[in-house]
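Chain IDs A, B, C and D follow the sequence of writing; residue 1 opens each chain.
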Amino acid sequence: MFRVTRRPIVVATLLRAVRDPAAGAVVTFLGTTRNENAGRRVVRLEYEAFHRMAEREMKALAATAARRWALRKVAMVHRIGVVPVGEASVAIAASAAHRAEAFTACHWLIDRLKEIVPIWKREHFRGGQVWIGAQQGTPDTRGRAASGRTATRGRRRRPVDR
Amino acid sequence: MFRVTRRPIVVATLLRAVRDPAAGAVVTFLGTTRNENAGRRVVRLEYEAFHRMAEREMKALAATAARRWALRKVAMVHRIGVVPVGEASVAIAASAAHRAEAFTACHWLIDRLKEIVPIWKREHFRGGQVWIGAQQGTPDTRGRAASGRTATRGRRRRPVDR
Amino acid sequence: MRVRLRFFAALREQMGARGERTLKPGATVEILWRSLVAERPELAAVPIRFAVNETYVEGSHRLADGDEVAFFPPVSGGR
Amino acid sequence: MRVRLRFFAALREQMGARGERTLKPGATVEILWRSLVAERPELAAVPIRFAVNETYVEGSHRLADGDEVAFFPPVSGGR
């Protein structure tokens, strides 16, 4: 189960997908919208995906993980669109005979997902919004990068405010 | 939420318990009954707890974890009685602002739980049953220890078969 | 003084779930355990943990009247 | 040859979601990107990733007629 979806993530669905009679351990990671980031009061996050490529990359990551560790099953779901504070934008579940493999693989999968699966987030905070991850700044926000991220503050009609 | 229960574990209940607007990561561990152990075909596991002490020890572990790592919330549930293959006997959920802490704490919590929370399991396999963890052997099974564990095979009327 | 006993897992199957014993003042958990082993010599080989009033203690822990002493095997472990 | 273009995230907001370009045979992704930068010089400073037909490629990747070329910023990261 490798899916990009606009709907809220239902963890039970992932748990069902990785259920396996030979599994003694299931480790699940949920990435949730936090109410604060870099000192900004976050109202919601908004995700955009290169949908099909993202699902392909998730599958490829799971295949790599299955070669590296003795896993039983892996499931990955990423929500796109608006994700309010407290709700999950990404969920990964990994089952294995023993817990060490399940923990290591699940941690590795979310680290890699955040590096290479083509999904981007825009943070809506009190007073503005910002694309996260464009560390060098986009043209419209160059020079206003803060702690490696770029911010467009206020309600000015700039491209990133659209 | 720190609970010993005879009922099936509902993961959504733990997720609700650790939900926190300041959490960006929730890591969950489920320990499930595996169909095989040390070459034996496992039919089911059966858990017994020193109920109140187990809940106290779980709370104490969570408090220690909260001192060591920047966590938001922790929940731990252990099921006792019969747990069939594929079902969860133990669940731990940890939320934190960032995922590294949630992973590390959740892994540490299950390692420590298995070392010190007073809950024991008896494995029912094809042809017998065995208490797991009494590494030196109980009097009734002494001398028949296999790979650090003790087994009573067959249907002989011995104390551990009752 | 009088203490209550509890046994768990394989030990419970040998000793029953609960018991009671009368001890001399100042007795430790270790002394109590040795008296149980004296009654049931096969217990000598059992790996054992002690808890008093739901808290792990060493054998040297001194008991008080009314204490609840629990005896049980090491916890199940597993990876 | 003709290739289809896709843009995502901040780049999509500047370039639109889709486009098309005609290229000389043998053109690479890097050549295509430079031609876009020539049209919109402010793109020069943008950190950029390339994918062709939904697979990451380097700038030196040689394009074929009908390819779908995607341009997007580095993925969001976060800890």
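As a convention for this text, contacts are C-beta pairs under 8 Å (C-beta built on N, C-alpha and C of every residue); 3 or more make two chains touch, one makes a residue touch a chain.
Small disclaimer: the values here were computed from a predicted structure and weren't measured.
K.L.:
Express in whole angstrom the distance between the two chain centres, defined as the mean CA positions of subunit A and subunit D.
P.N.:
23
K.L.:
Counting in whole Å, what is the centre-to-centre distance of subunit C and subunit D, each centre being its mean C-alpha position?
P.N.:
That pair's centroid distance is 72 Å.
K.L.:
Once you find the CA centre of subunit B and the CA centre of subunit D, what distance in Å lies between them?
P.N.:
Subunit B and subunit D have C-alpha centres separated by 51 Å.
K.L.:
Do you know which subunit A residues sit against two or more other chains?
P.N.:
24, 31, 99
K.L.:
Please set out, as single numbers or ranges, the residues of subunit D touching at least two other chains.
P.N.:
Residues 78.
K.L.:
Between the chains shown, work out who touches whom and classify the graph as line, ring, star, complete or other.
P.N.:
Graph shape, chains as nodes and touching pairs as edges: none of the named types, so other.
K.L.:
For each chain, which other chains does it touch, given as pairs?
P.N.:
Per the contact definition above, the touching pairs are A-B, A-C, A-D, B-C, B-D.
K.L.:
Across the complex, what residues on subunit A touch subunit C?
P.N.:
Touching subunit C from subunit A are residues 24, 98-100.
K.L.:
Residue numbers of subunit A touching subunit D in their complex, please.
P.N.:
So the residues of subunit A in touch with subunit D come to 31, 48, 50, 52-53, 56, 114-122, 131-140, 142, 159-160, 162.
K.L.:
Would you mind writing out the residues of subunit C in touch with subunit B in their complex?
P.N.:
Residues of subunit C touching subunit B: 6, 8-14, 42-43, 45-47, 49, 51, 54-56, 70, 72-78.
K.L.:
List the residues on subunit D that touch subunit B in their complex, please.
P.N.:
Residues 78-79.
K.L.:
Which residues of subunit B touch subunit A in the complex?
P.N.:
11-12, 15, 19-36, 85-86, 88, 95, 97, 99, 102-103, 106-107, 110
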